[in-house]
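Each structure below is given as structure tokens.
Same chain, two partners: subunit A is paired with subunit B first, then with subunit C.
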Partner chain A sequence: MANSNLPRRIIKETQRLLSEPAPGISASPSEDNMRYFNVMILGPTQSPYEGGVFKLELFLPEEYPMAAPKVRFLTKIYHPNIDKLGRICLDILKDKWSPALQIRTVLLSIQALLSAPNPDDPLSENIAKHWKSNEAEAVETAKEWTRLYAIGA
Partner chain B sequence: MTLGSGGSSVVVPRNFRLLEELERGEKGIGDGTVSYGMDDGDDIYMRSWTGTIIGPHNTVHEGRIYQLKLFCDKDYPEKPPSVRFHSRVNMTCVNHENGVVEPKKFGLLANWQREYTMEDILTQLKKEMAAPHNRKLVQPPEGTYF
Partner chain C sequence: MESEDDMHDANDIDSLDDDFYSGETEDAPLDYYSDYDDEADDYFEDADRIESRRPEQNFTILKESDIKQRQEEDVTRVATVLSISRIFASILLRYYNWSVSRVHDAWFADEEQVRKTVGLLEKPIVQLDNNTKELTCGICFENYPRARIEMASCGHPYCISCWEGYISTSISDGPGCLMLRCPDPTCGAAVGQDMISLLKSDEDKQKYARYLLRSYIEDNKKSKWCPAPGCEYAVTFDAGSGGNYDVSCLCSYSFCWNCTEEAHRPVDCGTVAKWILKNSAESENMNWILANSKPCPKCKRPIEKNQGCMHMTCTPPCKYEFCWLCLGVWSDHGERTGGFYACNRYETAKQEGVYDDTERRREMAKNSLERYTHYYERWASNQSSRQKALADLQQMQTVHIEKLSDIQCQPESQLKFITEAWLQIIECRRVLKWTYAYGFYLPEHEHAKKQFFEYLQGEAESGLERLHQCAEKELQPFLCADEPSREFNDFRTKLAGLTSVTRNYFENLVRALENGLSDVDSNGASFSRATSSKNAAGSSKSRSGRVKGTFRTSMSSRMNDDSHWCCEHCTYANVKSATTCQMCYQQRR
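Let's look at the complex of A and B:
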């Protein structure tokens, strides 16, 4: 059916994601669409997102691995490189994508982005401004949002 | 050409399909006579949309700007969105009381396919305005709403 032509590479990646998950990351394909993954990323320690469980969704387009996976946050998050719809500004998801990268590397990069917000390449102008003008306060807001939306959800 | 069709075996999930439609809508479509955008930028599920159709030439609709509401539920695009005119209009496929585009009288909704998009709906409604059974119908005053 819908999944019968799933490329071997995707099957391999999926098996490895399930058998050897990266620390703080889980990704599992949906039953009815093996290209569509439910993802959870734990907020990294010593980041404003610590203690939070962030839900994401990931989709491997037909062109994958020649094109990057599509990923977005479903959990609300206060971060200069993530917009209100959960879309993520990350170079490897756009022009720096390479077929040598994998779902795992993408998710690890997103986890790293949570530890190292980059307000100089913003997706959310307002949040980036906040980050640059008063980082301590922006970090407090990010912690607050983590408590509100990413804990116990 | 069709958004989100992507070949026979690859099914683009709802949310990514709507993100594609959002981006396409933001870039602007064709000659600009149909357009659409999301109502609530905070709604992560992207349910409510407003569409606009500029009435086609050589019809009673010419120069009029029609606003529509489209609602994409959780089962979109397996199921079509619900579509209703916000601006008052007199068309055979539109309910006169509430502006709802009635699927029974509008083939695209009645015979909905997953590949169809909100753009397709708006474009087809614009064509419908120019169809012989609609192009000369007496219209309610401009700028009135259901």
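Let's look at the complex of A and C:
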């Protein structure tokens, strides 16, 4: 089985994620592939995503931790740095990745991104435009999408 | 007042001819040409020798070993002056684009700040207890004995195999590996070359070394790689020495330091850029010009240009001789007729009669395209002549010289004058080519200047044509001969003489054009050529190349010493005994 020679690091990270979960975040490995994690992030309070439960998938590639984990949203979300395929624009998932970072730090950064959208470094051009031209309205749409897709799903 | 420098310069250059012609034995010219070994050296030594009469050479060609040596020296210098390790010194230099003075300035202005931004910690962030026997790697979370753990100046512990993974990932991502920091994202301590030596993979180490070497050239404002394809030499340039940006690499390619286009004296970089842009904008229109055949002006059969010079002869039975550039009959161009080249001139068709606006505009558009076409065609012709000459030189060096040496019973060392001639042709074609861009951008309204320019350019065309034709066609019979020809020595004298005359002429031309033809007063009275030539032997020692535009004077004052006279017409320095010019067959006046 592929999991038999799982690096010590991944085992340790997994154990810690399960025993001391970060607030508002849960991550558990899939049963048949220990490199694949089912992730849930609660929409941060005082953000348009408050009250929503967002599902993500996280995969640790063979090169991990030399290469960054691959993460994407499964739940639809209206956010300037997340595109409609759920891909996330976050520096530590790309050029700012360091092997000293961990799954936990990545998920905390994503949670922070929900609290502080950055329309100046957009992944979704249209949403970013919306955000910059009429933030209040964009926030309303984000809330709407949260109600539609992230609550009670 | 004309500066004495010019006189001196001219005289100085002429002294070469002196040596050449006054030698009683055959040896004199041969000495002059004999100390050559291989072609690259030839070219460079040649450039060197010429440079010695000119402004100081302001560039240096670096081989890989030179680059490494300089890099090492800079690192040592910084390490010594700042009392830091060579590893830190190297990181600092990389950060400040290999400028030793910038490193020094920054460091002595605010050492603490520099250490912080560059990541050179004075003491570790993580203090290790000396008794610690085991440490946990911050990447793989495994425990290791102290000896298996390494750290940068910060002390963050990672095992050797995690370092390897970290560093080699970074190396495969590109030259950013030269600025690598500790894996801990909060830390920022620089990772230096000492850590690279931990790598097991020689390939990675070599890649890193390559990036380090490249960085020294590419990130350094004072150096560049030679742009010739496949050439691995670099050039450093000392910008402090005037406006000449031409660089000749050891690979024989010449380029402009400033814009890295092919060398383009006497035209400035801005004009070159404009011209290249213009060419690419007009490339569709101009394609036909690059075609290598034109209909014979007499019999209309297409005739192909497969030689470097512009003198075309149609195939039999027609045998019409004409000029490739203007399609005019060749005899109008010849040395003997006394008429100089005029096919370099562009005459706007005289418009007569009354035009309405549309017609006039159409006419103007047509004229402007025609005008451009005129210059472009001549530019492109010289370019392809140059390419042809390069190939001919190659052929000459690999095949013909040896053959000629056999046939004419001359050691190859005595045939260097042929190589010399071809190198001169190649250089002159380049200069001449750019004079057409020069002409294109010369303001129409400066009539006197334009007229004088076209006169000079025409003389250059015709002088080069003489040389090119001599090297190309007049050599042929000697190559096909069955036995040594008595005329071969005459040929040598003629070709070597033409080479020298043409070199001088073009050198002066380049200077005159670079000075913007500043000695032409723009309101006429243009080129009555100065004939006075007293006191050519000036006493000034200055050999500055920044000669004020005294082209005509320096051309006509040259060589009127005891043993020579200078042709009024073509400036050729003739021996005293000759009554007609050996070059243009004009009577001595």
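Following the convention adopted for this analysis, the second predicted complex is superposed on the first by the 153 of 153 C-alpha atoms of A that agree within 3 Å, B and C clash if a C-alpha of one lies under 4 Å from a C-alpha of the other, contacts with A are read in each partner's own complex, and residues count from 1 in each chain.
The definition used in the following text is that contacts are C-beta pairs under 8 Å (C-beta built on N, C-alpha and C of every residue); 3 or more make two chains touch, one makes a residue touch a chain.
All values derive from a computational prediction rather than experimental measurement.
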{"item": "Fit or clash between subunit C and subunit B when superposed on subunit A", "value": "fit"}
{"item": "Which of subunit B and subunit C A:Lys96 touches, first, second, both or neither", "value": "second"}
{"item": "Subunit B, subunit C and vertex subunit A (Cα centres) - angle in steps of 10°", "value": "70"}
{"item": "Dominant contact partner of subunit A by residue count, subunit C or subunit B", "value": "B"}
{"item": "Partner chain in contact with A:Ala116 - subunit B first, subunit C second, else both or neither", "value": "neither"}
{"item": "Partner chain(s) touched by A:Ala67 [first = subunit B, second = subunit C, both, neither]", "value": "second"}
{"item": "Partner chain(s) touched by A:Gly86 [first = subunit B, second = subunit C, both, neither]", "value": "first"}
{"item": "Which superposed partner A:Lys12 touches (first subunit B, second subunit C, both, neither)", "value": "second"}
{"item": "Which of subunit B and subunit C A:Ala136 touches, first, second, both or neither", "value": "neither"}
{"item": "First (subunit B), second (subunit C), both or neither touched by A:Phe59", "value": "first"}
{"item": "Contacts of A:Arg35 with subunit B and subunit C, given as first, second, both or neither", "value": "first"}
{"item": "Overlay on shared chain A, then closest C-alpha pair between subunit B and subunit C (Å)", "value": "16"}
{"item": "Interface residues of subunit A shared between complexes with subunit B and subunit C", "value": "none"}
{"item": "Contact set on subunit A toward subunit C in their complex", "value": "7-9, 12-13, 63, 65-67, 92, 96, 98-101"}
{"item": "Sites on subunit B touched by subunit A in the complex", "value": "6-7, 9-13, 15-16, 19, 22, 41-42, 44, 46"}
{"item": "Contacting residues of subunit C [partner subunit A, same complex]", "value": "138-142, 156, 162, 165-166, 169, 182-185"}
{"item": "Residue ranges of subunit A in contact with subunit B within the complex", "value": "2-5, 30, 33, 35-36, 57, 59, 61-62, 70, 72, 74, 76, 84-87"}
